[in-house]
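Both complexes below contain chain A, partnered by chain B and then by chain C.
Up next, the complex of A and B:
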């Protein structure tokens, strides 16, 4: 089990598979899991939290039968443990109002419209994972090869300077 | 420049001055020319001839009369040769002298020199009146400058040449002139003889006629304004017109004896002549000459009303036409809006399958060349093709199950990731795989990753297939909207149309529980596409009203419809409902509760109603606030004569 988790939620299995496939490049450093509903995700997240795994990034569809993606992101954002989590909405149909709500209340980091392109999706995910790792992880260098290497290297350098200055 | 001249020739400057001063009221209509000598008179006449002005009245002293005659005062070269009215101002010593004057020339009036100040104005006015009558001048225009005396009242009308053309020939009078003749005549008649208080002055808000009541009085308005009002269909007083000076009020009911058609009420202080039936008869008897102009006035009055109602009718027809055009335009707009909504809905519906197909195709592009490279061992390829085949045909297990199985199998595999891949491919309890691994002592990780390529290809082929089928279904649903409706109504199972509508809204209905109570119903003779528009409207309304989670219940059942076989289709949602004051208006054109920016022009349900009406059906709505809204459509099964849609609809 990796330290960090990437979770994708989409009620349409075919779409979910596509997203998961596009994220394969991160699978060595992150656990990548898919859920077909928000309810399943909630159960799963609770388990992983207990097991000590942190949710680094969530990629969520908006239009789903039980709870809408935006509402779930807002719900997550209200829990301290999920606040650092990078939140990406992957959708074809969140209206303006829902999106604004997601940004303001859900701490939404990114909005990707369907249909998406693999490169574009990977770039967004990579960028936000990099930010997450820099913010959350002391030992960030192992993540540098799969994420934005230069950014992480710079951040690590900066961190060392700060530590040196303190001591 | 006045057309007519009052020429005064007198040697006494003092008298000349008095006459000039007395005649000032006439300046409005006549040129007043005062000269002392015949020589002056001559040059003036030459000038008048040049200007085509004619002398209407000559005032002179007896001694100058003969000289003036010689000058040819009469010889005006206009279209009609006027008879100049002659007034002598002087003194008469004896009768013989007067007779002499009379015989030597035509004299119309004699005024004593010493009474000239008092009498000259009236004298001139009277003569001018004769002149006006004989010359066919529009009397009304000159009324201030001419004097109509009691003898003249009848003479005025009788002598009028226009009258001689025939009883009804008032064509040369304007409405104003004609009414002025009548009203002024009436005023004159009652000026010294108004025992019955016929001439009245009303303050504002005085009621003359009351709609629906009998009326036996005729009012002539001399000045002021009277408003005519009539009750409209909803019982409100509506202004019809405002009558001003010269108009008659009460004429219609006065003549016909019917109840008053309108209510007449004064808007301003108003001068009227009020004639009841007796008084009216009396006047017409004593002043028979008035009968003709009065009758003409009355006819004209009615004619004007008739004309105005005809032109109103024409205007209304024109307005109706433009309203109709506007209505058509609205329907077009609504159609475009429905189309826009459909397109947006379809775009949403297409998003997911298209995304999956695009992503799948790209994965295949990457994986397939590798699989075809023939670099792998035959045994692995055999295993791989079995994996591909099962991935292509089997529905993948749920993500939750994958996780559960991964957990169980984890100890047998080098990593959780590999375990998961193996679980997905079904290798965790696959005997072939276990045997292969045992026999060949292969690196489990490399093998799983290799097989995963086969698995992914199979899985994405399946996925593309599933998504393409979904798109095909969607297109099938759309075909109805795009297709041309047949002219003849067809027998159609309405449930198919409802299902197709639901496909269009599938994505937007994700948060809805759609409950279908489809009882067996016979095929219904109808225009299926039109009805589908109705269902689309219902579903769209429910989605818009509820916004998030809700229930939509659709029921079909057979009913007895007006004594024959029929069907009833119900769409019921558990939305916020429609309040009582709004529910009566929802079929009205332009009624909408949707906020700006949202779809909805407020003509959707109007169109629905028209469609159902064309199908000889019924559309009903009932609702309870906070509980539900239910639309019911009742249709006959056999419906051979459905009106064709109007062109452009």
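Up next, the complex of A and C:
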């Protein structure tokens, strides 16, 4: 088990599969999981949390039968353990108001419109994972090769005195 | 379960010294042993076990040494310890002030000065900008870049912390490495060159690494100046780096000869930045010119500290970046050495082991080998803390060393050098640990290069000694 988890939620099986395929480049350093409903995701997250795995990034569809993606992300953001998690909404249908609300409540880091390009999705995910690792992980260098290497190297260099004081 | 093994280690590390403490003084095979000396033996054994097995952090052990010394063997200690019971002489209690003085020993000030330079340099980006500027002339051929990286890393770690230098250089290097094909040996060689150069570079100056300063602590005042240390240390470092460079080229041949180095950097031009540049240069200059102005390395070291705090270059927050754990670790070693020396125990032990008949060479080589081996598995500073007082006492009993300080100086410098050569594992030194944490290299890489570099280093030391005497 990796230390960090990437979770994708989409009620359409094929869409979910395609998102997961696009993210395989991160699987060396992150566990990547897919859920077909928010309920399933919640159970899964509780279980992973107990196992000591942190949620680094969540990619969530908006229009789903039980709950809207935006609302779920806002709800997640209100729990301390998921506050640092990078939250991405992947949708073609979210209304402007719902999106604004999500951004204002801190529940949304990024909005990707469907249909998406693999390269664009990967770039957004890479960027937000990089930010997450810099904010959360002291031992960040092992993540540098798969993420934005220069950014992580610079952040590490910035912290060189703290690192020296701690080792 | 890690907690259980820690507990077992802690029990072992305190149990053995307690047994030593509990046994009658007459059981210890040293003549006319006093109670104070008996207690110091127990404290020393405990310190050695705790530093080697590390059930508690090494700096905590240091603090424990100082605490036990003031309680058990000082003139202001616990009543039960300051009065004789039975017929064993108590011996002379140590003044408590001199035990506490280890916290403010000149060595500690020397290191604070070094930390102040490092903090100021990195806060005002002097180190990173200088590194980029200096790296540029080496071009972009992989072997030239490696040479550049090694020279810059080594020079920086002579005056700054080896660890901070390693982070800085690895951060410059890793974006290039990350774009190289996976498993390219050349990349590994580049990453390895940095911890090797950082570990090696520290040898060149008294402030390069704590073991050097600890060696100075046991030498008569003024017997080795900053410059004199460098005149021996620097050639050694240069030869070692040259060997390491050739070895890395041979062991890690690169597939791609060219490296796309993107070296951009702008020196800061604020008044405070200029204060940092000038103070940094002046301090190093003053360190090198003791003969001209009379101020020794310790006195010079406090000057940058005063300049930086007065000008606001180093503020209250930055003070927290001083490696207090290193200072405490060194202070504990000083207190240990002081107790061994002031109680007469060190000389008593040295006199009772027949070093003279072992031959000068055997003594030197075994001390340096013990030191080298310990340093591979534990903190170099803790190693020096343990071995240096013993080496200093042994030196006094070697007939070939009698009559001059040269023998003592060479022995202690050899011990200091040897402790910096221990670099075969990720845990051997912080630079190794950091390079390993990047994920670009494996333990076997460190093992292979560490053994070779350590071997040539030890060989070089003995060769130098043989040519000298």
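Here is the rule we go by: the second predicted complex is superposed on the first by the 159 of 167 C-alpha atoms of A that agree within 3 Å, B and C clash if a C-alpha of one lies under 4 Å from a C-alpha of the other, contacts with A are read in each partner's own complex, and residues count from 1 in each chain.
In this text, a residue touches a chain if its C-beta (ideal position, glycine included) is under 8 Å from a C-beta of that chain, and two chains touch if they have at least 3 such contacts.
Small disclaimer: the values here were computed from a predicted structure and weren't measured.
Contacts of A:150 after superposition: chain C is touched, whereas chain B is not reached. Once the two complexes are laid over each other on the shared chain, residue contacts for A:115 go to chain B alone; chain C is not touched. Legend: residue contacts after superposition of the two complexes on their common chain; A:160 is shown touching chain C, with no touch to chain B. Judged by the touch definition given at the top, the superposed model places A:34 against chain B, while chain C stays out of reach. After overlaying the two complexes on the shared chain, residue contacts for A:139 are found with chain C alone; chain B is out of touch.
Residues of chain A that touch chain C in their complex: 139, 141-142, 144-145, 149-150, 153-154, 156-157, 159-165, 167.
Only residues 1, 11-19, 21-22, 27-28, 31, 33-36, 40, 43-44, 63-65, 68, 92-93, 114-116, 118 of chain A touch chain B when the two sit together in their complex. Considering their complex, residues 347-348, 351-356, 358-360, 362-363, 396, 398-400, 403, 416-417, 456, 459-460, 463, 466-467, 507-508, 510-511, 548 of chain B touch chain A.
Chain C contributes residues 118-119, 122, 128, 161, 163-164, 167-168, 170-172, 174-175, 178-179, 320-323, 325, 430, 433-434, 437-439 to its touches with chain A in the complex.
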